[in-house]
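So that you can tell them apart, the chains are marked A, B, C and D in the order they are listed, and the count of residues begins at 1 in each.
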Amino acid sequence: MIVLVILLIPFIAGLLLLLNRNAAAVKLVALASAIVSLVATLSLVFTAQLSSYSVIWINFLEIKFALGYDGTSLIMLILTSLLFPFIIMAGMKREQQNVSLLYALILFTQSALTGVFLAQNAFLFYIFWELTLIPLYFILLLWGGEGRRNVTFKFFIYTLTGSLFLLFGIIYLYSLTPGVHTTDFSAFSNLNIPANTQIWLFWVLFIAFAIKMPVFPFHTWQPSTYTMAPTQGVMILAGVMTKMGIYGALRFLFPVIPLGVHYWQNTIIILSLIGVIYASVIAFRQTNLKTLIAFSSMAHVSLMVAAMFVLNYYAVQGLLFQVLSHGVTIVALFYIVMLIEEKAGTLELPKLGGIKLLAPNMAILFLLVVLGSIALPLTAGFVGEFLIITGLFQQSIWFAVFGGITMVLGAIYMLYAYQRVMLGEKRPGSGNITDLKRIDYIVLIPLITIILVLGIYPQPVFNLVEASVTTMQNLLVPVAEVIPALPL
Amino acid sequence: MVNPIPYIDLAWLVPAFPLLGFLVTGLANKSLKHKQAGIIASAMVLLSFLVSLVLFFILRSSGQNEATITLFNWISIGGMNIPFAFLIDHLSLTMMLIVTGVGALIHIYSIGYMHDDERVNSFFAQMNLFTFSMLLLVMGANYLVLFIGWEGVGLCSYLLIGFWFKNPAYNYAARKAFVMNRIGDLGFILGIILLFITFKTVTFSEIFSQAAAFPVGAPVITLITILLLIGAVGKSAQIPLFTWLPDAMAGPTPVSALIHAATMVTAGIYMIARSSILYNLAPLTLNIIIVIGLATAIIAALIGLKQNDIKKVLAYSTVSQLGYMFLALGLGAYSAGVFHVTTHAFFKALLFLGAGSVIHAMGGEQDIRKMGGLRKKMPLTYFTFLAATLAISGIPPFSGFFSKDLILSKAFEHSVILYILALGGALITCFYMFRLLYLVFFGEQRLAGAHPHESPKVMTIPLIILAVLSVFGGFLNIPSLFNGDSKFSNYLHSAVVSKASEELSHSTEIGLILGSLLLLGLVIFFAYRTFVSKSMIPAKDGEPMSFFSKLIYNKFYIDEMYTAVFEKPFGYLSDFFYNKVENTVLDPVVDEIGFTTARVGSLLRKLQQGNMSFYLFAMVAGILLFIIFILIV
Amino acid sequence: MNEITSAIQLIPLQHYIILSVTLFSIGMMGVLFRRNIIAILMCLELMFNSANLLLAAFSAYHSDPSGQVFVFFIMIVAAAEVAVGLSIVVMMKRNVESVDINLLNRLKW
Amino acid sequence: MVFLFYFLSAIMVISALLVVFSKSPINNVIYLIICFIAMAGHYILLNAQFLAVVHIIVYTGAIMVLFLFVVMLLNLNKAIIPQKSAAARVLAVVTGGIFFLVLLAATRQTFVINPRYAFTSEIGLVANVGKTLFHEFLLPFEISSVLFISAMVGAVMFGKRDHAAGED
């Protein structure tokens, strides 16, 4: 039952917000709801018994409204519940327009995301998958920056097109289920689909996730969307939505079409690694801080995708760990980006500089987050990337080398950006900058603490996902004998 | 642990003190007075030094060679078990003593040196963090903990080199240092991962005991050692990743002293010495190390000949000395390498602090062409600097003599050509060091309006202590030639497995020493003739030079080459990817799909223009097609 | 009378099929051929009747009166259709002063 | 009497073609009436006397008269009758031809099955048709009255001059 509660809290709170017009109250209620969700989610972590909920929904199609979770979904759920309080706090003490609608939409997004991670049924999964898009679309459209109309439209159509393939895939799988057709994940994973079918079905199912994550070359919606999106929107996008793609792939591809995955494994890994290098190289010359971070996020996520398709023990452990660590880091990064934009009025790097002279504490916190992002040891990023690269290494040394290059390139562009923004002489752009306010500390300090604590003591997260990682890594093992992977 | 050694658990205090210092000075940045921060930071490092000393005696009295202190399990999943543990053995103790001892002196010196900088507190916080990272590096019981320190010192060097962050050139230098280190780190982490995959562990003791099962020259071991070597090359500023170190002069002088003497650059040497068992299994890698070390030693020494910035000269001398250490490592004489690290720590710290004292006295001037005649004004600095110069030149009985002679004799054992080249490098070192000494302290004062004065006690006392160490440090390891017992080498013997080699006969050694001394004497005399008697001053920046001088003066154009080969193409590649690939191929393709749909839509719309006859035709055609379809299928 | 009807037994069913196909095609051709909306309606009637003929023929050949009942229903529909259709024609003539179907081109939106 | 079938068929086809090709609306109507009368002949041949009668009454008597009225009411003559372009007309003929061929091809399969001519003179009688109509098809029959009503309402609505629009 707790799962149902977690799903419904944000939704109901969101509905309540729509009735209220007082901006401050709305934000407080939203925050309270997000914190309650967080507490409820954490209670899942500490209860031994798995919570689940299931009721027949659409009778004649055999579709159940079934909620449940395992280690993987739990990580995703924790990520969502953990980030949303911060995402909401990012708007605290700030002037915003149409507050009640904005926060209601944010909470609706949270609810839909929770639904995605909890759904135990492909149809339900798909419904929630699409539902996340609707509130987010409005957040981007109504509160976005320059060029929002076109960019949002592109984003929407792009992801929707991908989803359409997914829907087709789900219907196809549904038609394959023996006896009374059903869309339960458990039934899907028991299908024995012939290898040839799996090989094409892979792309049908993968394309939706590939666009959402995004995997090179399906990423082109991302930089412009991130650059244009309002801070809270981009936090949701980068922090949670990208992970939704990863989660979907883990749920759909590996248990259902292991042969197809194995066949395309190296192709996808190479694509992701190209994405890693490509995004990192591009990031170096970006002049807009937000675009730069968008590309950096793409590089990190691509590395996770590579790890996912290696699918050995360390890679998946690293992946799930990195999901959490990247989510926290990127939210912190975007928060600081918002502060810079707010204070300096621009995000163009040539116009920025010398902020450290005026706001030393901001510079220090920014540096800490940057260090987390470039995977310095004792930050969470390091643990994740170390495990991921270990996993890649087991597949091939070259995968590890190219995956590892992200460490070097990441250092190059992130530090370059840091220096251009914070160091150097004062620039006209950084005119009357003041240092952090209390609310900024309230947001940033916990985020940075999480980054550091996870880096120093990552064991709890490992224990949480241990069981599901073990199941997952066994998926591809028996397959290797049936069908050879595409050669490198 | 077989027998727990009483009180050895105190080892965690060693890194804890600087960490505490970092936290206190860092968090209480605003409320702490400048002096207080310096005192706290210095005290913390000094405390670490004392604890290290206590540990030294504890270990010695226990009769055991090593002890592992596990704090907690850092990463423990599946077959991977990486504890956060410290290894206390003879090698790490040596390094700890160097790091904390020399580090403490540098900290104390900094109190004086940095007294008028407004961001002193941040400075000391970062210095403490630096010490902390370096301690993690040398104390780690496995490669991953070592790697924490490894990256940590990289970060701290980044922070400290760019300490005066208003200057873009300094920021560039800082970034360069970090990125070059990161390139090395990539090799290093890949090496660690390969170690893990091969041995299923990253703990030193377990790896080394398993490594015995591998034959000499096993490919996987060779690959591992090469990957680790890449890391060491980056951190210890060897060719081809050495250019960051001279640029690292951008930081305050004590930082340079810390980077060059006690921490950071010695990390690569330490790591290879620590992995001596692996390297002994990979002769190919050892040969590569010899080549890298020797090339670095000579090229850096050559560049040092023509530098006019007091700190740059010292920087290239460091690179060159690191080359010697690498040479020693490559020859399998790991303890000789570590011994040179030790003596080098003493005299190089002394040189930098002395240089700092000079710069301090000259009011920030670093150009040696503008100095001169400081011998009278700053006698204390002069004498300590002289001691260090003699030490680095390898004049007996100063410390550098013993360590360098050990390396040279090992080189001679290996091959005569190697010896000649190494000796040539040593002679060049001797020449430019005395050139520096003469230009700075002898002759007439050349900078008008400067009033050099002796530095305060807080700066000179560390100088004196270091001078004593530079002079007598060599006696730690008196070779059998002088009836000594090679204490230092023997002490390290339990932790570092040097390659067995034939000892030279005493007569050969004496011959070599006498020969090299003669040459050194000639070089010093020649330097004296040139710079003191003829009082020649190096050419000004714009003046024409011979081709060779120009080549050396411009550091063989290596920086320019790197800019042309790596930095610029990287920028071009970035632009190419963004402007050409992203914005003219990938993105437009996607957009084009959208536009095509829209275009097809508007094409199809033309069909829907309300022409009833057309509709009727279309309808009939549709029916026709439908019937035909049914007929055919 | 009986003579006539018995003679018809000699006509194979195929001939009725061919006849009604011919008539239907002519009606279809007329629909495409003419622009005059009244002529088009007439051609529609022609097509209705070809179907009617076929139904009646099948009915006779199968000795089943249901076919004839269907013809009856089709007549009903045709009558209703013509009534409405012709009133539309009248209205169209009144409004656009023409019976050209190509003038009815507002349907594109 | 077989020739009667072919005779009627010929009349039907020719008059149908004339309906399509003759330009004058009045002629069209008259040719269609001829066609329908021939059709009634076919019904009689098929022993469907009731249908023949109804056909004459409904089609020839009602529908075609309606057509005739409209043609005369609207005062259509050759001059104002729009003609399609030559190309469109050729295309129409070709399409019609193809349609004919395709339909023939489609029905060709039935040619091999030659159903027995189960001749009974009874089925065409009013009694028999009536029984079927009022037993099996009573509901559709009744509902068809609704269709008529709505058609009537529709026709009246359309036919009525729109006063509101006219005043504008």
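Just so it is clear, a contact is a pair of C-beta atoms (placed from the backbone, for glycine too) under 8 Å apart; a residue touches a chain by one contact, two chains touch by 3 or more.
Values in this document were obtained by computation on a predicted structure and should not be read as measured data.
Greatest Cα centroid separation from chain A: this falls to D. Averaging C-alpha coordinates per chain places the centre of chain A 65 Å away from that of chain C. Chain C has its Cα centroid 98 Å from the Cα centroid of chain B. Averaging Cα coordinates per chain places chain C and chain D 4 Å apart. Looking at chain D, one finds that residues 84, 88, 91, 95, 99, 103 touch two or more other chains. Each of residues 613, 617, 620 in chain B touches at least two other chains. Among all residues of chain A, none touch two or more other chains. This structure has the following touching chain pairs: A-B, B-C, B-D, C-D.
On the side of chain B, the complex with chain A involves touching residues 72-78, 80, 144, 147-148, 150-152, 155, 158, 162, 165-168, 171, 174-175, 178-179, 182-183, 185-186, 189-190, 193-194, 196-197, 570-571, 573-575, 577-578, 581-582, 586-587, 590-591, 594. For chain B in complex with chain C, the touching residues are 608-613, 616-617, 620. Residue ranges of chain A in contact with chain B, taken from their complex: 154, 157-158, 217, 219-221, 223, 278, 281-286, 313-314, 317, 354, 356-357, 371, 376-378, 382-383, 386-387, 389-390, 393-394, 397, 400-401, 404-405, 407-408, 411-412, 415-416, 419, 422-425, 456-459, 462, 466. On chain D, the positions that touch chain C within their shared complex are 1-2, 4-5, 9, 12-13, 16-17, 19-21, 25, 28-29, 32, 35-36, 39, 42-48, 50-51, 54-55, 58-59, 62-63, 66-67, 70-71, 73-74, 76, 80-84, 88-89, 91-93, 95-97, 99-100, 103-104, 107, 110-111, 114-121, 123-124, 128-129, 131-133, 136-137, 140-141, 144, 147-148, 150-152, 154-159, 161.
Residue ranges of chain B in contact with chain D, taken from their complex: 613, 617, 620-621, 623-624, 627-628, 630-631.
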